[in-house]
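Below, subunit A partners subunit B and then partners subunit C, in two separate complexes.
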Partner chain A sequence: MKSFEYGDREIGTTEVVYGVSNMVIGFGVLTLPRSLAAMTESSDGWISLMIGGGAALVFGWLIALLCARFPKMGLSDMTKAVANGAVANVVAMLFACYTFLFVGYETRGLANISKLYLFDRTPEEAICLFFLLVLAYGVAGPSAALLRLNLIFLPLVLIIVFLVLTMNITFFNMHNLKPLFVTDWQDTLKATKGTVFSFLGFEIFLFYNAWANRPKAMKKAILGGLAIPLFIYLIVFVFVIGIFGSEVTKNTLYPTAELAKQVEIPGGFFERFESIFFTIWVVTLFNTAAMAFDVTIIALRTLFPKPKRMTWVIWLCPLIYLVSMQPQSVTEIDTFGEWISYAGLAIGWCLPAVLLGVAKMRRIKGNEQAS
Partner chain B sequence: MSKLLRGLVAAASLILAAGCWDRVEIEDRGFVVGSAIDEGKDGAYELTFQYIVPSAMQGKSAGGGHPSAQSFQNVSSTAATLFKAARKMSNETSRPPYLEHNKIIIVSERLARAGKIQEVLDLFVRDPEMRRAAKLMISVGQAKKLLEIKPPIETLPVQYINSTSENPQKSESIVPATTMGHVHRFLLEEHSFAIPRITQTDSKVSLSGAAVFGSDKKMKGFLDGEETTGKNYFSGTIKAGAVEVEIEGKPLLFEVKRASRTLYANVSDPESPAFTVNVRIEGNVGETYSHVDLLDPQVIRMIENRVSDKIREIMYVVLEKLQKEYKADAIGLSDYLNENHYRVWKKIAADWDRGDHLFSKCKVDVKVHTRLRIIGAIERVQPEGE
Partner chain C sequence: MSESASDDKRGESYVFPDMQENIGHIRRMLGDPADLVIRIISIGGGERSCALAFLSGLSDKAVIDEQIVRQILKAGRFGQEDTGMDISEVLGGLRNETMSVSQVLEVNLWSDVIKAVLYGDTAMFLEGADDVLLIGTQNWKERSIDEPPTEALVRGPREGFTEKIETNIGLIRRGIRDMNLRFVSYTIGRRSRKTLILTYIQGIIHPAIVEEARRRLDTIDIDDAPESGFIEQWIEDSFLSPFPQLLHTERPDKVRAALLQGKAAVMLEGTPFALILPTTFVALIQSPEDYYERWLIGSLIRLLRYLAVIIALFAPAIYIALVSFHQGMIPFKLAFSIAAAREGVPFPAIIEAMVMEGTLELLREAGVRLPKPIGQTIGIVGGLVIGEAAVQAGVVSPIMVIIVAVTAISSFAIPSYSAGIAFRMLRFATMLAAGILGLFGIILTFIMISTHLVRLRSFGMPYSAPFAPMFITDWRDLVIRSPVTFLTKRPEFIQTKNINRANKRGKRS
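Right, the complex of A and B next:
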C-alpha cells in the first residue's frame, strides 16, 4: 500500500513544472494578443513574444541556480545567508506586499471578466467576495497540497485551450498573418515589455524551494514550466491574428475569449462553448491567486512566526478585498496590473539575480547535505 | 450544543450561499433568432426582432400542439439608439429579448447608403451577449418585410434565409456569408467590401447579388447576380458555377467544378500598380444542345476558349463597375498589396480607393485558363449528323 506517498510535505519536480506553468498562465492569454497586436504590425508580435520568453527563461535559469545553490531554503533564508537578517526581513516584506497586491489584482481581474461574459447582473463586489472565500479555503491547507492541485488543473486548461483552437481552425486564414517582418525593431522591443510581464509569477518558487525535494532538478523544472506558457502564448497569438486579423485583435478587449465565443458546434447543446471555457479559466485563475496568497502568508510567517496560518488568512482576506475594490474601471485595473508587474520585475526577478551575483562573489553556498 | 450549532451553520450556508444571481429560467427568455434594422423617423432606428414561439415549434415537429399557430413573432420598436429600441421591446413582449442565438442581421439599403452601417454594428459587436458569427445582409427596400416571409419548407423565416445564405457551394452569384466579425474588420481596416444582398420576390427571398461598400463605410450600390459572379472569380471565392456559352449557335453549359485565382502585381511604379489576375478553371460539360463531337480535342479546345472568354468578359464588366462607378476595391487587390508589397502599400494606402483613387486608375489584366476534364457520361443524345 502506498497510501502515505503524499503524506510528506515535499514537492517533486513535476509539481514545480506544473506549478510554474499554471502560475504564469493567468490573464496573459486573454489580454496579451491585444496588447501585442496594438504595438506591432501584422503578425510580428511573435518576435516580441520570443524575446520576452527568452528574457523570462534567462531569469528563470538564474532563479533556478539560486534555488539549487541553497537547497531546502526559502528566499528569506537565502537572503539571510548571503546578507543578514535585517535585509532578509525587508526582502520578505517586499515580496509579501507584491504577492498580496497580486492576489488583489487577480481577484479583481477575474471578477471583471466574469461580469462581462458570464454574470450580467451579479455585482463585481459579490463575485470578488465569493472568489475570496474559495481562495481562503484553498490556502487554509498546506502549501504542498495547493501545488499538487496544479497537477489536475493544468491539463484541463491545456485541453480547453487546444479545443478552442482546433474548433476555430476553419476560420483560420493564412493571409491574415502576412506581411511578415514589417515592424521596426523599436516597436518590437517596446512590445516586449508586455510579453515579459505576462511571464511573471514563477518567482514564487523561491519560497517553495524550501519544500523542493530535488534542488538539482530545479533548473530543468522551472525552464520546462516556462516553456509551456511560452508555447501556449505563441500558438494563441498566431491563431488570434490568423482568425481575427491584426486590426480586430487590436480593438477587442479579450480576443481569446472572443475566440471561444465564436466556436459553433452543430447540435445546439455546445453552442455556448465559452461557458465551459470560462469555467476552466476561473479554475486556473484560482490556482494562480491561491499560490500567490499562499506565498504572502509564507513570507509573512518568516517575519512574524507566532500567529497561526488561519489567523493570517482571516486577517488578510478583508485587506485583499479592499485592495481588489480600489480600481474603478477597466483602465484602472490595467494600470494597477502594470504597476504590480513592475514591482514583480524588480522584486521577483532582478533582486534574486543580484542575490545570486553576491552569493557567487562571496562564495556562499547553502547546506549541501540537505539535497 | 456547539456541535449542533456548527451543523446548523453549515446547513444554513449550504442552502443560502448556493444560488445564482443571474438565473433566468429558460421559459422567461425571449429567444431572438434574427433582427432587421430600418430607418425610422428623424434619424431614429426601427429595430425588429424575430422571436421564436416555442410551443408552436414543438407542434410542428411532433405533430401535436397547435399546428395552426405561427412559430414566430416579429416585434418592432423605434428609438434613437438600437439599445434603447431593444429595451422598449420589453414593454411589449412577455419575454425580454435574449440575443445569444441571433443568427441574422438585415440592414436596410437606405441605412447602408447613408453610411450608418458602423453605428448599427456597434451594439452587435460590443455587447458580449451577441455573437460575432451573426450574418449581416443588406436588404433591397425594407428590412423587416423579409422577416415576415412564410417559408413553406423551414419553420422560421430566419432559418430559411440562413440556410439559403449557405448555398455558395451550388451557386456562384452569392457572396460568401459575411459575419459581424468580418464587417468589424472591414470597418477597422478602412477597407472596401461586399456583403450579401437580400431581395424579396413574393413569398421568396433571393440572396444572389451583393452590396458594395466603399472605404468611407457608405454603401455605393448593388452588384447583380452576374456581376457578383465576376466579383467571386476575382476574390477566388467561387466554389461552383455554371457558364453558358454558344457552340455553333446552340447553347452549351459548362459546369465549373474547381476554380482558383492567383494574383500578381507589378509595383515598379507605386502610383499605378499593374495587376495580373490568373484564374484557373476546371470543370465539365453539364448540358449541350449542339451537335459537335465532344471527343474531338479541337472541339474541347474551342469550348475551353469560349468559356475563358466568357468568364473574362464577366470579370471585366464587374471590374469596370467597381473601378469607375463605385470606386471601391471589393475584389481584394489592396489585400494583395498589403500582404506582398507592404512598403509600397503603406505609401499609397491613403489614396487607394479614396483621395486620388489610384484603384480606379490601375491596370488589371485578367487571364483565364479553362480545362475541360469530363464531358459527362454520354457523348450525345441524338444521332450524329442529324
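Right, the complex of A and C next:
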C-alpha cells in the first residue's frame, strides 16, 4: 500500500481471491449437478464434490507454494529457473494452446446456453461474434484491470445464486436427499472426475503471479478463492437434489438454470427468472474467458516478445471464433470441454506440481535467480 | 517571473527616463485605445511632474482619485527640484510616504508595466526616473455570492463561487483556517493571462497527486482558457471516455470537503466552476447533502441515486429487450396491456424508443437555450402536448412515454450534470445493443462499461475505487453513508498522509 502505483501493474490479495473464484465458477455450476446425479445415487454426489474439491485444494496449495517460491515470476520464468529456456518455451506454448482452446470452448458454451435461455432465432454464430468483440475489448486493456473486474462481477454472481436458492427454499424437500451413503466407492470416484474438472481454471494465476504484490499471501488467497466455488457447488448441488430429486436432475440439461426457472418473483413483477439468472451469469463467463484469453496473450508474448498486445488480440480473435465454431452439437461441445479439461489437468495442475518437486530437489529459489 | 510571449521582443526593453517618451511608448504599444487614461500631474504643485496611466474600465477610479492623485497633489516636499534629493529618492518617497494604497511595486521593465496596466493597475511615470511605480488599483464589478443555480441543495450553505478568483480563494480559506492550506498559482493563457490556482492541504494530500497535477498544469499552453472546462479537457486522463474525470462544482463546501479528504482543486479566474481531482465514479453520485442530512436519510437518498443511475442507463434498453426479444418474461396481464398499447404502433420498439429519447434530448437542449419564462412553456408543450399527441397519433405507445419520462427524471437526479449527460449518452448505446441482442446485448454493454470504468484512472487514481480495487474501510461512506461518528478515517484509497479526521470519543480523550 505504500506505493502510489497500485493502479497499473500490481495485483492485491483480494484480487487473487476473487479472480480464482470467478475463474473456477463458470459452466461448472450449471452442469455439475446433472453429471453428479447421473453417476451417484441419491444425494451422495457431495462426497465426490468434497473429494474433487480436496484435490483442487491440494493442487491449489502446490501452485501457491510454487508462486511463493518464485515471487514476481510468471510460469515461463519459473520453468526457466528450474529447467532451461527451451523447456520454458514448450511449457508456455502448451499453456497458451490450453487457454486458447479454453476461450474457444467457453465462447461456444456461452452461445449455446444463450440460445437455449435467451434467444429463439438469433444464430449462435452471431452470439459468439458479439461476445468475442466484447472479449477483445476487455483483453485490450491491462491485465490488472481485468483482475479488478472480478471485484465487481463476482458479488453480482454470488448475489444471484443466493437469490435463486433462497427463493426456492419453499420447494426444498428433505426426503429427496435421503438415503445417504448408498453409492459404492467406485462410482463415487468416477464421479469425482467431473468435479475435479469443474475446479479447473485457477492455474492461470501461475502467470499472474508476476504481478502479485504479496507472494507470501498467495497460499491463503488461492485456497480462499477455491473455497468459495466449493461452497457454491455443494450448496447448489444439495438444493438441486433436494428440489428436483435425483431422477429429474439426471435428465435435465442445466439443472441450476431450471432452479432459476422455478423462481416466482413476489408480485409477479416479471416472469422467467432464468433469463435474468443467465444474463447475470454471462458476466462470470465473460470474466473467465477474458482472463484465459489474457493469459494466452501473456504466454505468447513470453515466446514472441515483439508483437504488441493489440496485434495478438486482433490475430487471435478470428482463430478463437473458428475454434469455437468447430463442435457441431451439444455432445461435441461436451467432448471438446472434456479434452480441454484433461489438458488443463496435465498442464495446469500436474506440471506445476512436477516443477515444484524439481525445484525442491534442486533447491532452486526465485529470489536468487531473479537477482 | 513574467512569462512574456517569446515572439515579443519588446519584453526586454526598459523604461525611459523621459516621461513624454514613456507616454508615447505606452500609447503606441497598446494602440492608443480609447480606455487608456493618461493623467499628468505636477507633484504638490511644484516643478516636478509625473504621469499616471491606467485603463479606465479595469481600475478603481475612486482609489485613483482619492488615494493617488490627491495624495500626489499634497506631496509638496517632493515637488521641488532644489531639495537635494536625487530622483530615485523622490520615487521612493512617493512610494513610501505618499501613496495610501497597500500594493505598490517598483519595476523598470516595459513588459511588467504593460502587463500590470492590462490587469487594471496604475503605472506612475516620474519625470527623469528609471523606474516606474505600479499601483494596485484593480477593480472589477463582481456579482454577489449567490446560491449556485446548477447545484441547489435543500439543506446546506447558500454560497457559491463567483468569477473572481480572490473571492473564491477567500471562500475556501474561510472554511478551512489551516496554515497548511496551499494555493499554488499559475498564469494560464498566452494572451489571456488568467490566474489559475491549484489548492490542496499539505500534510493530508498524497504528494504524488500534487506532483502529477502540477506536471499536467505546466503543460498547458493555449491562447486563452475561457472556462475551467478547457483546463479539465487539457489535463484529463482519457479524452475518449464518456465519464468526467474531474468533478466540477460551484459549491465551496464541496471543494472544502474534497480538500479535507485529501484531494486537490483547481480554480480558474473568470469562472465559478472549480475542478476537483482526482475524481472517482462514486463521487459523481454523491452530493454534499448526503452528509448534511441525518445518516439514514443520507443513505437512502444515496441509494436512490444509484437506482437512478441504473434506470437512466438501462430502463429503455430493458423495455426494448423485453418487448422485442423476451416477451415471455413479461407477466401475462402486463404483456396483454403492452400488446394492446402497441397495437397501432407501426415501428419496432427500438425505433420507437430512439425517436422518443431523441425528442427528449431535443426538449432538454431547447429548454436550456430558451429564456427562462419560455423555457417552461417548452417543457409543457414538449412534455405534455407532444407526448399526448404522439400517443394519440399512434406513433409511440403510452408505456414508452412512461419509460422515457422516468428515465429523464432519473438522469436529472444525478448530482453531477456532466455525469448525467454521460449516462444519457451511454443509454443510447444500451438501447442499440438491446435492439440487436436483447438482454444479452444489455449485459454485454454493462460488461464493457464496467471494463472501461475499471481501466479508467484519474490522476493515477483508479476511477472505480473503492469498489475495485477494494478498500473495505471506505465502504462505510460509499453506498451507505454511515453515521458521522463512524466516519473517523479519511478515504483510504487516496492514501492520505494524515488518516484520522475525527475522534469518535470526542475531545476529552
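Criterion: the second predicted complex is superposed on the first by the 359 of 371 C-alpha atoms of A that agree within 3 Å, B and C clash if a C-alpha of one lies under 4 Å from a C-alpha of the other, contacts with A are read in each partner's own complex, and residues count from 1 in each chain.
The rule is short, and it goes like this: a residue touches a chain if its C-beta (ideal position, glycine included) is under 8 Å from a C-beta of that chain, and two chains touch if they have at least 3 such contacts.
Model, not experiment: these values are computed from the prediction.
A.B. asks: For A:237, decide between first (touching subunit B), second (touching subunit C), both and neither.
C.D. replies: neither
A.B. asks: Quick one: classify A:293 as touching subunit B (first), subunit C (second), both or neither.
C.D. replies: A:293 contacts neither subunit B nor subunit C.
A.B. asks: Is A:179 contacted by the first partner subunit B, the second partner subunit C, both or neither?
C.D. replies: Only subunit B; A:179 stays clear of subunit C.
A.B. asks: Scan A:207 for contacts with subunit B and subunit C and give back first, second, both or neither.
C.D. replies: neither
A.B. asks: Once the shared chain is lined up, is A:282 touching subunit B (first), subunit C (second), both, or neither of them?
C.D. replies: second
A.B. asks: Once the shared chain is lined up, is A:12 touching subunit B (first), subunit C (second), both, or neither of them?
C.D. replies: A:12 contacts subunit C only, not subunit B.
A.B. asks: Quick one: classify A:119 as touching subunit B (first), subunit C (second), both or neither.
C.D. replies: both
A.B. asks: I want to verify the contact counts: of subunit B and subunit C, which reaches more residues of subunit A?
C.D. replies: Residues of subunit A touched, subunit B against subunit C: more for C.
A.B. asks: On the A-aligned overlay, A:251 touches which partner chain: subunit B = first, subunit C = second, or both, or neither?
C.D. replies: first
A.B. asks: Using the superposition on A, tell me which residues of subunit A are in contact with subunit B and, in the other complex, with subunit C.
C.D. replies: After superposing on chain A, subunit A residues 118-119, 122, 126, 271-272 contact both subunit B and subunit C.
A.B. asks: Touching subunit C in the complex: which residues of subunit A?
C.D. replies: Against subunit C, subunit A makes touches at 1, 4-7, 12, 14-15, 114, 118-119, 122, 126-127, 130-131, 134, 137-138, 141-142, 145-146, 148-153, 268-272, 275-276, 279-280, 282-283, 286.
A.B. asks: Of all residues in subunit B, which touch subunit A in the complex?
C.D. replies: 21-22, 100-101, 128-129, 131-133, 181, 184-185, 188-189, 335, 338-340, 342-343
A.B. asks: Within their complex, state which residues of subunit C touch subunit A.
C.D. replies: These residues of subunit C touch subunit A: 206, 208, 322, 325-326, 328-332, 436-444, 446-448, 450-451, 454-455, 457, 460-462, 464, 467-470, 495.
A.B. asks: Quick check: in the complex, which residue numbers of subunit A touch subunit B?
C.D. replies: 116-122, 126, 175, 178-179, 182, 244-245, 247-248, 250-251, 258, 261-262, 264, 271-272
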